[in-house]
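Should a chain be cited, it is by its letter among A, B, C and D, assigned in written order, with residues numbered from 1 in that chain.
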């Protein structure tokens, strides 16, 4: 089953999707964190392949990346450790273009595939640079997820929705990863726009810092990616058990029926939603 | 008797002239130094009226001037102290133009005269700037001595010799006052040139640091001015007695018949020399 | 793209051969498009060009002279001409680019300039242009560079700019770039990112080269007036990101002159780098076997950069320009030698170009009698404190 | 001399009205005559003029632009034009004079330049010109100024000049002048004393004004192109010894422009001095009742001088120019204000002129709508460390 099939099936089963993140190699035994996430109700796990210059990451993930690199981690080693890991949910990689293009996109994708990963996301390979990589990923059966941002134009959103595989990563805000900052109205709008454009799961990422925010966001799309909130705890000394518990608390929040009044403008999404036929011509979206 | 008459008479009596210097107000009781000089065989005493920016003075006289000014000395006070002083030999002032022109050259000369001084020397008033001052000095019966330097042209030497009063101050070297540095051949030549041009006494100054040098120099003119060597001792703590003794030692050296071979080119001057008639046309001097 | 003339418009993809592009997060893509469109529009607008030329002339001190280095030329047996960017306002070529981008930002209605800086020259230039046009300025600078270039930090403060110390990574220019990009993502609505060299996502490498082209065009005309052969045998410039070199080369790429870019030994992306993606563009990058970007090391803060502008990577592959490195020791002695033979205190960065010329002339790498145009990218006042210990 | 046109040749006596002259020891008189003769000869020699113009153009960066200070003008309700001497090589107008004198020294066969310096700008310029022409340089600098202007001391060292600390008196410019004169007496045969302002014995005040005249002549032509009235209402410059002001005024003395020289409050020889003789010339000098020269006090090392060039004393008596003072506080805020409105970091010295303009414009002393030419004599990089504490 592909990443996309897996996530779509769970979403269609009425479940709000939860994807926690861990930086590969951030500490010895980091794969136990992956397992703990899976056990705590994750629907997939995002594995960061650390890069020295993580342009889109805030201080927490920078620090995690630096720690992993300083500890001697390499992509090869991380992939080997993942190959030896057996968890029920799909894993996918998050990394930067420089690591992807080291030898070639094809070689990189083959290595991911060999280690059992199901997909990848590369924040600094936007639509215009993603062609070669998309081909290589498809050839290996990997889903290459694309990011959409509050600043993306309707035309770009349509293209992102069309070309993304696995899910669409909806960036909640104009900013880097990190915990600070609230959830903006533009995030909600972005979720609605994307879900209107594609049948693929749409996950929110950036600033999903606690169960309440996760639950609030999940009303406007299909689920959330949680990264900095977990990595901050990890860097502060939390082990797999505590991290698993935190993921479980988010899981519970996502599964709980909402007790607050639904937002007037952006009512919560029904799961099992019906998408517009992808062949249908789609007019320009109204923007706020 | 004017300064010039006094010095000429002594020179003509076969005596090498000795003029020691003291900075007015350099220490309480400084007038005792003047007296000690006179008692030790000085033929005149040069009194420095201290100026904040003594351009032609080396470190020793700068320090003496600074000390005098810092001690609250003023020209008025120095002149008052000199007026109360009674010594056998004539006194003359050495100072800079800024003090001379404070009110006017006439006022300044009148004040010198009133305090019993017989002349003055102003190193930064060369021929081209000395007109007004020369008139004022003459009006007060003061002798304004001019300086000649190794760099002076034959024409300038002639004019300096002609316009100087009291004596001609022959600067031994291109440099400031101070003890260091030997006596150059150009000093000897300057002395000979000047004594050939004028009947007035010609005194060497600058670098007359010890009895031997004084005696050596006096062979080429009519005598010496001794300043820094004395002021260095004064600043180092010597009192009027020691300073008087040092002047006496120079006096003895000047009076002793020379035991060295006379210089071939510049034989010692006979005292009672006959000068060329000042009205005679004088051809350009040969220069080395 | 190989059918394109070298150093021309890289089109909408911003490619120079294999290099360049726009490797930035989706969040920044609209801003990049907007800037590209605004620049194309402005660059075709005689009114904008006029305004820029006027400011470069009445404000920044252009044209800069071409100074024959007479005594040093005699010693080296060549004819060395110095293009004097050190005489511009704020003391380096960085002002050419910044005045252009600041005018563009103003035209786009932005109220704030963001910039990264290494030596501080680009930061000072940005603070300057911001003050001139009534914009705000926020400058990101590595902590290590803040220590090395304290004078420039103070200059930025006096000019009213906010200087943000960057404490991540090597705490030098590369990290300041990361931080500036992150900040840009967060403030793209009201801020304009004023990139300091021929790097970053398209259209920056091209746009900055165009704004620096004035160096090469002036020098070309001055050489024509000064040299019997009209064109020098060599055209030499130092390379940090590569903007002063790109601007200079742009004036000579169509001539017979040999183009030489000189990098710091410890930051030699063109000679020791591998293809990679950093700060939004693909180029030659100093990196380890695993693809982690290495820290550059240079006595010159402005050359402490592990990459090189994408167009330089292309010029290298193409063979039209060659790239060389010099050591810190060679650089310091070149600086002192120029100071003592010509009375010109060059920046440590610029002294790299000079160090190569000296070595090449003295080793016969440059034939005696050759003519050499060297872009003196900036003045060395900012470096005095750092070279004091080395004298 | 009152029948002479203002700012013309002061003849062989070097008198400007009551002021000027040649109050130096006899030892120096031949040197002064020789320099006067050499200067008269050189100044009448088109070959010398050409060589000077060429160096000022291809080396020192002339002509300097005239920059309209647009934002500050708007704030002040006037039209303020800045003559940008800060853009010259080494960063102040001092280079104009020094290139001229160094060429003269070379023509006279001297092998060494002596100079006094206050802010260090003249010292740096002298070290620069010496290196350019292959001469040696010895620079006298007060110990206090060495502390205040450390950057410039290092620049001189790198340029190969010997910097001699002066420990006498107030340990500032005045004492450096004394010491340079003393040293000159001792080395007049092979050394040329390169005086840094319109002071010293004849022919220096006149010669330095002539070498600085280029400022005023360029500015005059630039104003004619820029201003509807061709001539500004005010021409303003700061005064240390008075060379940038003299050079500027020389271009406008025959026009209707009002000439204003601005001194430091603590070094206001033109407004609080009495006639006196210092450093070889008669002029207005700050002195106590007994004729001892007072120490000047200014935040700007280059204005810490208790005298004023003799020609300025004459212009004051004549009424053709007026002289004003500003306080250190006004100066620092003028510096910061210019930096933040125009992106120009002026020297503390130059900021005196600006402080006066600001005060006069804000108090109505300069009528709204007036046009003001201000000579920005130098750049403020050297002052950054000293003003840091004041910000």
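Simple rule for what comes next: a contact is a pair of C-beta atoms (placed from the backbone, for glycine too) under 8 Å apart; a residue touches a chain by one contact, two chains touch by 3 or more.
Keep in mind that this is a model prediction, so the values were computed, not measured.
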Co-neighbours of chain C and chain B - touch as defined: D
Calculate how many whole Å lie between the centre of chain A and the centre of chain B, each centre taken as the average of the chain's C-alpha atoms. 98
Counting only Cα atoms for the centres, state how far chain B is from chain D in Å. 38
Between chain A and chain D, tell me the centre distance in angstrom, where each centre is the average of that chain's C-alpha atoms. 67
Counting only chain pairs that touch, give me the topology of the graph as line, ring, star, complete or other. line
So which chains end up touching which? A-C, B-D, C-D
For a test of understanding, state which residues of chain B touch chain D in their complex under the given definition. 51-59, 62, 66, 69, 74-76, 96-99, 101-102, 123-129, 146-153, 156, 160, 171, 174-176
Give every residue of chain D touching chain C within the complex, in rising order. 57-59, 61, 64-68, 71, 84, 86-89, 91, 127-132, 134, 151, 154-155, 157-160, 335-336, 339-345, 380-381, 384-385, 387-388, 391
In the complex, chain C residues that touch chain A: 13, 21-31, 168-169, 174-175, 178, 181-182, 185-189, 275-280, 282, 285, 287, 290-293
